[in-house]
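There are structures below to look over.
The two complexes that follow have chain A in common; it is paired with chain B in the first and with chain C in the second.
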Partner chain A sequence: MCNLPVRVICRANAEYMSPSGKVPFIHVGNQVVSELGPIVQFVKAKGHSLSDGLDEVQKAEMKAYMELVNNMLLTAELYLQWCDDVTVEEITHPRYGSPYPWPLNRILSYQKQWEVRRKMKAIGWAGKTLEQVLEDVDQCCHALSQRLGTQPYFFNKHPTELDALVFGHLFTILTTQLITDELSEKVKNYSNLTAFCRRIEQQYFEGHDKDSSAIAARSSKRPLLR
Partner chain B sequence: MAAPMELFCWAGGWGLPSVDPDCLAVLTYARFTGAPLKVHRVTSPWRSPSGHLPALRTRDEGIISKPQQIITHLRKQKYNADYDLSATQSADTLAFVSLLEEKLLPVLIHTFWVDAKNYVEHTRKWYAETIPFPLNFFLPNAMHKRHLERLQLIWGDDYMEDEEKLEKELYREARECLTLLSQRLGSQKFFFGDSPASLDALVFSRLAPLLKAKLPNGKLQQHLKSLQNLCNYCTSILSLYFPWDGGEPLTGVPRAAGTDGSEAEEDPHKRRKQLLSVLVGLVAMLGYAFLSGIVSIQRGSVGPAGRQPVTLEEEEEEEEE
Partner chain C sequence: MGTVHARSLEPLPMAGPDFGALGEEAELVEVEPESKQEILENKDVVVQHVHFDGLGRTKDDIIMYEISDVFKAKNLIDVMRKSHEAREKLLRLGIFRQVDVLIDTCQGDDALPNGLDVTFEVTELRRLTGSYNTMVGNNEGSMVLGLKFPNLLGRAEKVTFQFSYGTKETSYGLSFFKPRPGNFERNFAVNVYKVTGQFPWSSLRETDRGISTEFNFPIWKTNHTLKWEGVWRELGCLARTASFSVREESGHSLKSSLSHAMVIDSRNSSILPKCGALLKINQELAGYVGGDVSFLKEDFEFQLNKQLLWDSVVSASFWGGMLVPIGDRPSSIADRFYLGGPTSVRGFSMYSIGPQSEGDYLGGEAYWAGGVHLYTPLPFRPGRGGFGDLFRTHFFLNAGNLCNLNYGDGPRAHLQRLAECIRWSYGAGIVLRLGNIARLELNYCFPMGVQAGDRICDGVQFGAGIRFL
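Moving on to the complex of A and B:
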């Protein structure tokens, strides 16, 4: 969205390479910056920002909605991947452990699962059932859909960090194949959100050659529209 | 109407009706909606029916302990402060609640419970003075450990070990969050116009302890005090909905836990302590008496050991005869 040249590289040990332990991170010159917040700050310090045109109240709302996405969608994704037993067994363990030989693949994925479950307990999500989690996702999508309304982007004509974040999560939810389609169905209930994702995908990803590696990585998933 | 719902929450202090943010949120929401609640201000979680505070004892759904669930239950009972909100405003509520919980609440917990100076000189002192014997010896520490662990899991070990980084980044984000709230509030009376909503209850419950507590290490507090509209917002809610000072409840109809109630709660407390100490003393004396042989029980008859040889002698005399 900022028109910055970027090369996407996929590595199995990306989590270990990152300074904070979390992906994604960018490597620019001799600096390494991880996670969306710091990356946005870093890019802003270099002179590129998407949210300069917003007034104070809008900036407050943008930050609040970004936290909403982080709080609900991200946690729900983690819950589904690591706390729902069926999904864990059939999809997450094989996928997470795939770059490593046995028994390392099992050990690492169990370790990650234990870590995620502890975190869920700390924030109070461990006691939730799958239905409650899906209910929360629905509420979150409802809020996002309300805020988006009929506008092309969340803050009318120009995309901001919020649009990037929402696109990232919704696109992943819509295109990742899981045991059931319940999660993606929740998102598909809101037609303006699916239209939003489609629009961003077409505008920023399909026409660019330099993102071909990213598209190749995604080709293993279902296409956005069926 | 069946018996009113009962709410158990932490006692008041520092000029607030309750010192715990979650309890305060539920109390404020109930006040906003005029829900008839019987409030029990207790000084330890053991006196709550579920072992945790806040706890709501409902008429037919048992005991609810999570603040969000309590508010949802009140809403279901038609005490809904968000009734007049538009769809966009409801969406904004969700978003700002997430902002509060992610950015502000962990730092608040850190300020009160983990920051060494604040914890020792202020928080622990208050809780140790308020919680009754013998819980006051280990409960504050247990709460401190629990909060520390929670922060460790949310933030990762990185931040917990590096004080400077924590201070710089996380406190900065918390200050930013406060500023954002201030900008969103602007010069309005409440976040969504003239009548309070659930977002107001939550914001108030997070900000009020920070504003009112006398923290020795209060950088975040200073930042809050510099945001005049938020300070006015908190004081106006306090004076409108909690006109009596912290800890003193209303004498109105829906509030049955009157001053008499709180005093009566203290009296049996003292009596209970006295009784307990007398009992302990008695048991100790009797135990010693039995163990050292001064007193013993023989075939159902109890008497001092001195009489025993006499009875035996009498029996022997009878047998001899």
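Moving on to the complex of A and C:
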């Protein structure tokens, strides 16, 4: 969105390569920066920023919405992948362990599952049922949908970090195959959100297909929005 | 040699079958001055019985093999020698704290006039021994707990467990060792372990959790080891400033490999030998029995020692190795060879020769290293006959090279690559021998042939270790 040249590389050990243990991370020259917040700071320090045009109130609002997305959508995604037994067994374990040979694939999946469940317990989500989680997702989408309204982006004309974050999560939810479609249905209930995702995809990703083979690989792995 | 008692020819009650545990201890009788004395030295004797005193949980069959030679002795000197050898073999099993040998004439109904009885008085080790130490080193303190179960099931099986709990890392190891009854050189061992290592020269941290089984057996004069090892390796960066090439290697991998090692060792000692030669060849093939790391690794070590005039020894050694990755995945930093440091090419910092990226040494897929040493006693020989004998002065010339080969080229191109950019060094120093296992060195080195990227340590360099070039 900032029009900076970027190459996306997929690695099985990306999680371990990252200095903080979380993806995504960028490698620029000699520096490695991980997670969205620090990446935004880093890019800003180099002189590019998407939220320059916002005033203080709007910036605070944007931060609040980003926190909402992180707390709700991200946690719901983790919950669904790691705490719902059916999904864990059929989708997550094979997918997480696929780069590794037996028995390492089982060991690493179980290790990650234990870690995520411990985190869920710490934030109080361990006791939630799937329905409650889907309810929370629904509420979050409702809030986002209301904020978006009929505008093309969250802060009217130009995309900001919030748009990038929301797109990332919603696109993943809409295009990842799970056991049931309940989660993506919740998002599809809000037509302006799906339109928003499609718009960003068309504008920023389909045009760049010829430039980056990695993005082409990515788009072949994930079906486009229907 | 232990104690050898020779008895007089007085009759005394002796009970017990051919061999087996005796319930009561045999009594000793003082040797009384006899009016007639027999010269026993070259008299033909027959060993009729061998008794064992003090066996508890040790099984009979394993003892049988070790002492079978005693029966073949023909005269008294032979009996003494064979008993001594049997005693050494029994001690080597590692199940007895003490072994004493008692030889006396045979008594009883079936006693021949030149019959002898040999009695071995043994004290078995306790079922469980433990040790507890604290260790401080490398900015880390740790508690080490060790447990040992010698002779677990009666046939010299040994189980050891070691657990180390440190401020930074925890590691443990459990191993089971079983020799073949009758042939201690043939044995097998199973180990389960978790070890962690920190390698600041590569900014790398490695945690290995693995299982290995190995078989050792001698063939003629060589000793062979066949080993299967399965290791779950976790690599990580030691610092945030690690280079990206090292960062790329982070993550998990599983190595399942078969290896074979052959050792021929005719030296008189493994530390500062005076004569003899050593040849060690090691092969490792990974990837065909599981795991995701696939390579063929060859490694050899050769050393030749010769004694010269005035107690000085000249020693030449040569090491080399090659790692060929199989398949299209590149080799992992944990499998590659490293060169440099006080234990290999002196004058360079630890493992700081060869391919590197931003100060982190990545290791190489092929290397060779050679050294020529002259060891002499300390000048003016202070402390001769005692402490001074542990020290030697040594003059050395070391050379070596470490690089990555392009496996598409032929052997001539490989040799050429290994022969260009040779690093070498010369110097002199003092060596201190620590028991029979380790040595300390303090050297003054002049590194030469330094390539861009190598880190040198010219001047005084200190080294401690077990295996030196």
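Just so it is clear, the second predicted complex is superposed on the first by the 209 of 226 C-alpha atoms of A that agree within 3 Å, B and C clash if a C-alpha of one lies under 4 Å from a C-alpha of the other, contacts with A are read in each partner's own complex, and residues count from 1 in each chain.
Everything below uses one rule, namely that contacts are C-beta pairs under 8 Å (C-beta built on N, C-alpha and C of every residue); 3 or more make two chains touch, one makes a residue touch a chain.
What you see is a predicted model, and the numbers here were worked out from it, not measured in a lab.
J.: Following the superposition defined at the top, how do chain B and chain C come out on chain A, clash or fit?
T.: When both complexes are placed onto chain A, chain B and chain C end up side by side without any clash.
J.: Per the overlay, which chain contacts more chain A residues, chain B or chain C?
T.: Of chain B and chain C, more residues of chain A lie in contact with B.
J.: Touching A:I179 in the superposition: chain B (first), chain C (second), both, neither?
T.: Touch partners of A:I179: none, neither chain B nor chain C.
J.: Touch test for A:N30: chain B only (first), chain C only (second), both, or neither?
T.: Touch status of A:N30: second partner only.
J.: Of the partners chain B and chain C, which touch A:H142 in the superposed model: first, second, both, neither?
T.: A:H142: touches chain B, not chain C.
J.: Once the structures are superposed on A, label A:L108 by its partner contacts, choosing first (chain B), second (chain C), both or neither.
T.: second
J.: Regarding the shared-chain residue A:M17, is it in contact with chain B (first), chain C (second), both, or neither?
T.: Second partner only.
J.: Does the superposition put A:V6 against chain B (first), chain C (second), both, or neither?
T.: Neither chain B nor chain C is touched by A:V6.
J.: Please work out how little space separates the C-alpha atoms of chain B and chain C at their nearest point after superposition, in whole Å.
T.: 12
J.: Give the list of chain B residues in touch with chain A in this complex.
T.: Answer in residue numbers: 66, 87-88, 90-92, 94-96, 98-99, 101-103, 149-150, 153-154, 156, 158, 176-177, 180-181, 183-184, 186.
J.: Inside the complex, what are the residues of chain A that reach chain C?
T.: Contact set of chain A toward chain C: 11-13, 15-17, 19, 27, 30, 32, 100-104, 107-108.
J.: Write out the stretch or stretches of chain C touching chain A in their complex.
T.: The touching residues are 232, 235-237, 240, 244, 247-248, 250-254, 290-292, 358.
J.: Per the contact definition, I'd like the list of chain A residues that touch chain B in the complex.
T.: The touching residues are 20-21, 56-57, 59-61, 63-65, 67-68, 70-72, 118-119, 121-124, 139-140, 142-144, 146-147, 149.
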